[in-house]
Amino acid sequence: MAISLRKARSIIRKALEKGREMELKPLSVVVLDAGGHVIAFEREDGAAPGRFAIAHGKAYGSVMLGMAGTAQMQRAEAQAYFMAAVNGVYGGQVVPVPGGVLLRDRKGEVIGAVGVTGDTSDNDAIAAMTGIESAGLTGEA
Amino acid sequence: MAISLRKARSIIRKALEKGREMELKPLSVVVLDAGGHVIAFEREDGAAPGRFAIAHGKAYGSVMLGMAGTAQMQRAEAQAYFMAAVNGVYGGQVVPVPGGVLLRDRKGEVIGAVGVTGDTSDNDAIAAMTGIESAGLTGEA
Amino acid sequence: MAISLRKARSIIRKALEKGREMELKPLSVVVLDAGGHVIAFEREDGAAPGRFAIAHGKAYGSVMLGMAGTAQMQRAEAQAYFMAAVNGVYGGQVVPVPGGVLLRDRKGEVIGAVGVTGDTSDNDAIAAMTGIESAGLTGEA
Amino acid sequence: MAISLRKARSIIRKALEKGREMELKPLSVVVLDAGGHVIAFEREDGAAPGRFAIAHGKAYGSVMLGMAGTAQMQRAEAQAYFMAAVNGVYGGQVVPVPGGVLLRDRKGEVIGAVGVTGDTSDNDAIAAMTGIESAGLTGEA
């Protein structure tokens, strides 16, 4: 199952709505496909200009490793040089913290990932999960 | 004048509508701010996975050089090694063809750029211009 | 509000004057715009040749993350692998220590950043803040 | 003989004055030392944001090769793949067109370079030469 642009838009809108409901700082949200390629992205007014790269890095690492942000963070804390090496092989494009969420279909296969940045990593992950669930998909934070 | 996320969404939707109306191949559209940073991006279902980088490269070169895609293409055709060198200094992120359109405010100052890719470069530019004008902004293709 | 070249020159001169008044080592000062692009830079006689990259890295990270040098340093000390990953996505151009100062307009919006290097990070930050305030702007160190 | 910051400032101011006198587009001017490292840079209001990289690329190639912009351009036109290869070894930082001017001392030794960008390459070179000569130095365009 591929994530349609319609689904990606829905994930982004619902994640941004959750951010406003929680009174978070302005958020940026990216949705990647199963190959780690960008389907859609939005950066809220007032967010820092470089937010695309952070959102992308959270989601990209999730897809490429098949491991969500929380698990990546645990690995980084246990073995920092391993995640540094991972970043080497992926061209420095991995940001291993919560807010990177894997998207799975009903069979449990990875069909993409969502990356959210702007507030604390934990709040970013909550907004991502809300967006994903509101769109009828299953996330792994 | 900064481009709001609301304006960026409007540009993207209208560009995609124009593409469907003209029966173009699936399009991808990015909107960058005045510093060349991504505000929003959408890739239509059926587009090739790598379209973000092409759309981004058309818009990014436009902002960084203050020169839209058509003018960049003319320079590339007249002096290929110059545009190759320009790409070197900008990390290989410039795609010097039509479909990269500068956004200007009423005073004529550059406030960002739009990049469209998916069909011929000329059709990409038509879709971009339509999106921009439908959103009440002025484009330079 | 954009930072004019006149304002940028004023910030640099006043920061360098503060350095001489405090008898600091030779300083280098960069002023970036709201998109992280260089407006002006000066390196004092006697400074090491590579100072542009350090000054730039302090200011660039501040703009891209919307977070000044002191806050970046705190994050780097709490979660070193996160700032390493941030550096990956920004092409290794972030130097997360004091001396990177955000420039804000009266509404509190980020309009650019100043980066100072040459002496201790704390003294660099003092020189930056003095330059910014002498030019009638508000800094966040 | 090293180029002092005072001299570098003088070169930049005089080059910018020449640009205004000739009614050129907004210019950006960089001065590099004998090692190819930045001493000073200024970008005039209204210039495109990415002008630092172009100015730097013109001056950097001049210093690294000991060959000014005009000679680099001739080589690029005669043997494009050679200048492409040169760009490979210098990390893509060379822009081989007029506007990159070598600075020589009275013995003829290279002591740095000036890079100007914003108008046509030929006009850029005129502004650079005027700045250099007004500062009492000898340039090679």
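Chains: A, B, C and D, in written order; residue numbering restarts at 1 for each.
We adopt the following convention: contacts are C-beta pairs under 8 Å (C-beta built on N, C-alpha and C of every residue); 3 or more make two chains touch, one makes a residue touch a chain.
Predicted model, so just to flag it, every value in this text is computed and none were measured.
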| query | Any idea what the CA-fit rotation angle from subunit B to subunit D is, to the nearest 5 degrees? | reply | 85
| message | Nearest whole angstrom, what separates the Cα centre of subunit A from the Cα centre of subunit C? | response | 30
| said: Could you work out how far the Cα centre of subunit B sits from that of subunit C, in whole Å? | reply: 31
| message | On a C-alpha centroid basis, what's the spacing between subunit A and subunit D, in Å? | response | 43
| remark: Within subunit C, the set of residues that touch 2 or more other chains is 33-37, 91
| request: Treating touching as the only link between chains, describe the layout with one word: line, ring, star, complete or other. | output: other
| request: Chain pairs that touch, all of them, please. | output: A-B, A-C, B-C, B-D, C-D
| Which of the residues in subunit C end up touching subunit A in this complex? | 34-36, 63-67, 79-82, 84-92, 109-110
| note | Within their complex, subunit D touches subunit B through residues 46-50, 53-54, 56-57, 76-77, 80, 83-84, 87, 91-97
| So in the complex, which bits of subunit C are touching subunit D? | 2, 4-5, 8-9, 33, 35, 37-45, 49-50, 52
| subunit C-touching residues of subunit B, taken from the complex the two chains share | 33-37, 91
